[in-house]
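Next come two complexes, and both contain subunit A; in the first it sits with subunit B, in the second with subunit C.
Let's turn to the complex of A and B:
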């Protein structure tokens, strides 16, 4: 029979082994807090809480169709988040996810507009072109930063709006089919799109690719020389220079990669959801994706989990609206709340000298 | 196509009208950015101001009271935002993005649950139009500048007042110091957090008035979901483009208002440019200006940095 103090020590050791990292605890707290606030809100509005909870869970995960919807809502947010976290961990605050997504969507249309219906080659070309457009759009702020010292936060913020209006211009003019009155491009041919993988659902190839990309980003960051250089330049640019490495090259390649992934987010929306370029297809996905990256503690796998939450909230909100007439605007509330809570909690931890995450790690 | 003085006057007047909400928000953003707080949540603050004014109009029936309630709504929303960004030292960008999302949801809920479908009755003329004596009789400018909403005159006076404040007053100096080098200001024994908090509330008040203008004056008292449509972000771009100078902000906002008016009245003036390209120009111009200035015209030194005592530089 061990001494009580020994027992305590063993217990403490066990707890220490089980203990989750601070960032995870804080994040879970933020989500739990906002879900509770959401339920309180639903109750305050006079809706039945228990049946709302059931409808929400069924609406997000209940059957194949609901699950597929959740995953489809997850995909663009995940991709933008992955793009954002690469840039941020490399030391550049890429606020331009929205713009890179818009340019990627344009890029996905270009092969069809250039070559017409060229069969099975069309879809891979569209993916490539979407990534390329996003990468070019992402490179601009990096070049301006290195060349002119222009702050990338402000440049990417401004470039978002240029891209949004450029899409508006294209669908109202050059890309609009002759005789059409709708602000959208022509529809892509069937060979050129992601056809639903399971009949009766919206599940598309982009969902799977997005998760694969998350895995690839994790490998890149943690297990490659480039990833090490990237994280080092985010943490301490001076150190990278001392090592005789070019900080500029890391900045350029991380922003190009970041933009390419953001571009894929837009391309997959075109190829897998809309099948055409359409005005207002994004509704701020780029900004949400950036918030996802932070909620995920700038970790690729975290981003999968957090964007899954965002996807679930969005499909649950649709179900709540159709079966209980709870306004779908609740989705925005439940997406915004955890971001606010996490930002506040991590700010408080920063004051206490125990930062949960920093913008560059 | 005849370009007579009436056409020009109407075009200028429309430009002025469209510039007001963005001008107010940009002046607000300028103050908080000068004090070191990057208010990405400006869009959300405008939305709260707009919905508060719509509720105010429905409750009181008085457009003047509605504008005041809009300002109050923006200020209260800014309290929430500033508790995070200023006091809790939350990351200002992340906080702002979350706040904008939340604002979109909450204001839409308020519209659906509080505001009915019936459009507000009663005259709004007391806030939409105030002809200044003598001045409004002048040719062209009389109609363009001096037959506007009293809110427009207030915004112009405010821009001048802010210019005076930042240039000549002690408060202006303190605010600038809070944004330029908060640690030094703190070492001098000045209350950095109180200054930043106050600046953030002021931003909320002005953004709220901008939103209220959109709702009460520009769309007859009806709140529409996401009715700010990116104007908050445009206002941020303006404040940056104007290099945080109030009078330049006034001019830039007016120029952008003219661009916006061009999309409605361009055809009368014989100008044919695709509207979206027109709307993108301010952002392109701001970008070019930002790049050309490069390292020279730098932003306030501590812009976007939460103040931590002893963190140093």
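Let's turn to the complex of A and C:
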């Protein structure tokens, strides 16, 4: 029988090991707070709170179809978040996820438009082309920064709108099939798309690829020399410079990679959801992905969890709208609130001198 | 004996990771006294300060003010109780004026007392500090920025002033000025506690001392009743001879790096370099002495390959000459603070392709190799996987040095290698540098500590206003010979500080 003091010491050590770091506690608090606020909002709108909760949970996870919807909503947000966090941890604030996603979507259409229906080769080509277009779009701000010192925050942000309007132009002009009056391109042939993996659901190959990419990004960051260099140059550019490494090369490769993953987000939307390029297909997925990256503390697995939450909110909102006529705009509220709460909390903590984050990791 | 203004009563502090930073430490500060807090790197001095200032709460024991127990959960509580702190790293708003910086920290009604520059000037005069209240803080020299920090700590009716390592960034003349100011502050009815590891400074300027060793009190008392040998003994546990030369006489080998007529243009805050000729040979320690800001950083940048000469040439004698660096700014250039100790130690070797298994990093092998280096360099850390950020300054410096010496480079350039280190750690650093030179490395030591340079160098170059004003070697190396080369015929830019401080 150990002494009571020994037990206390052991207990304290255990608690110390279990204690969740401040940033995680704050983030979880922000999510819990926003869900509660969401429920208050539903109650204030005069809807039954308990049945709304039941419908929401069933709408997000109730059956295979609901689960698949949640995962499909998760996928583009996860990919954009992964792209964003790679660049940000390398020290470049890539706010251009939306633009890279739009360019990726265009890229996914290019092989079909160039070569027509060329059979099973079409889909891999489309993925590659989508990633490539996103990468090129991501490289432009990096090159401008290295060459002319242009601030990447401004350039990536503004290039989003160039890409959005470029898609509008394409679907109203060059990509619109002759005789069509809709602002969309022609549909991809069946060999060229991600066919649903389970009948009756929208689950597609892109969902699996996105999770695999999250795993790959984690391995890259934590288990390769390139990842080490990337993190070091993000946290301490002076250190990397003095080690004789080129900050420019890290910037170029991380932005190319970041853009490529953002591009895949757009390509997978085309190949797995829309099967064509449509004006307004994204509804700000790129910006939501950025929010996911920050809520996840710039951790790949965190991004999987947070984007799953965002996916669930979106499919739950659809269910709430169809069965209880609660406006689907609730999804926007519930996606926006955690970010808002987190920003407010970290702002207050920063002013109080106890920053939630001490660096970008 | 009057009741101390503030007292730590049998305080212990255990961090959440289980590390016992303080064990049963008591301390009493008296109004009108300057109390020196001495100890090696990682002895617990900073933890003790942080407990007084409310950053940490003690695990056991308590804090008493005028005999009554108080609880400081956050710095705001301590400030409300009249405690002010000057941190090692300044917390100033650089683009603001002196007055604005003071007004920012003033609480409530005090704020209106800093509306005008004349108000701020009157406040400063109470402590004999002569500073232009309209000066932009970012444009002041470090020693004067420190004055602003001290004034900030005094704004809110401060009765206890804590200073964490205030003298490390100062020249000897500036240190005298600092203690002159602190004495004035004491005379206004304040207790002052100073963390330092410079025994001479403590003997010359303070009233009482407390020595911490590995988290425990190792002696406390009146300065009048102690002496240099006793204090050093208490700090390091064994007597360290201060004068002995480190390393035997060496015969320099082949030339490895040469600067020929190298110049860099001066700019704001930099004297530039003017027609520097310098030949570095294998197996020698070359000291570079000078008052800070006289071309040392520029020389370091050149040798490090971070800058190219505006005129003249820098030549490596063969292709495979490599340069390893211990930079001045250990937080931004020496380390990547959020990487682990192991990754910081082995960063160059990892980047060169070592420690791979199947294309991935072999964290196990990195850790094993790091453990060896941690052992050899006596780096006090919880584990090799701990982020470098959580180590004390001296131990962080040991990481940077261990990495530079591990690279088997032909030239090692170290900038202020012992700054912020205690006696024993500094001794270990100098010994390792001497050993590297014995083994054929060319070691360049840039330092403003002349005694240290004399002990370790084979020859000493003196820089002054960006020019090489002399070279002394062997038995000629003495403070007497070097001091005038450093200080005579000095350009006006470096005397400005003196004038402002006087």
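A few comments on the model shown:
As a working rule, the second predicted complex is superposed on the first by the 346 of 361 C-alpha atoms of A that agree within 3 Å, B and C clash if a C-alpha of one lies under 4 Å from a C-alpha of the other, contacts with A are read in each partner's own complex, and residues count from 1 in each chain.
We adopt the following convention: a contact is a pair of C-beta atoms (placed from the backbone, for glycine too) under 8 Å apart; a residue touches a chain by one contact, two chains touch by 3 or more.
On a predicted model such as this, the values are computed, not experimentally measured, just so you know.
Of the two partner chains placed by superposition, only subunit B is touched by A:162; subunit C is not. Considering which of subunit B and subunit C touches more of subunit A, the answer is B. When both complexes are overlaid on chain A, the residue A:320 reaches neither subunit B nor subunit C. Contacts of A:287 after superposition: subunit B is touched, whereas subunit C is not reached.
By the touch criterion stated above, A:224 is placed in contact with subunit C alone, subunit B being left untouched. By the touch criterion defined above, A:277 lies against neither subunit B nor subunit C after alignment on the C-alpha atoms of chain A.
When the two complexes are overlaid on their common chain A, residue A:188 makes contact with neither subunit B nor subunit C. Shared interface residues of subunit A, touching subunit B in one complex and subunit C in the other, are 359. Listed in rising order, the residues of subunit A touching subunit C in the complex are 12-13, 16, 19, 219, 223-225, 228-229, 231-232, 235-236, 238-245, 352-353, 358-359, 361. Per the touch definition, subunit C reaches subunit A in the complex via residues 14, 16-18, 74-75, 304-306, 325, 327, 329, 332-339, 343, 347-348, 350-351, 353, 356, 359-361, 363, 389.
Those residues of subunit B that touch subunit A in the complex are listed here as 83-85, 88-91, 93-95, 97-106, 108-109, 112-113, 225, 230, 233-234, 236-237, 240, 274-277, 279-280, 283-284, 286-287, 290-292, 294-295, 299, 304, 306, 308. Residue ranges on subunit A touching subunit B, taken from their complex, read 45, 93, 95, 144, 148-151, 153-155, 157-162, 164-166, 168-169, 172-173, 284, 287-288, 290-291, 294, 327, 329-340, 342-344, 346-348, 350-351, 359.
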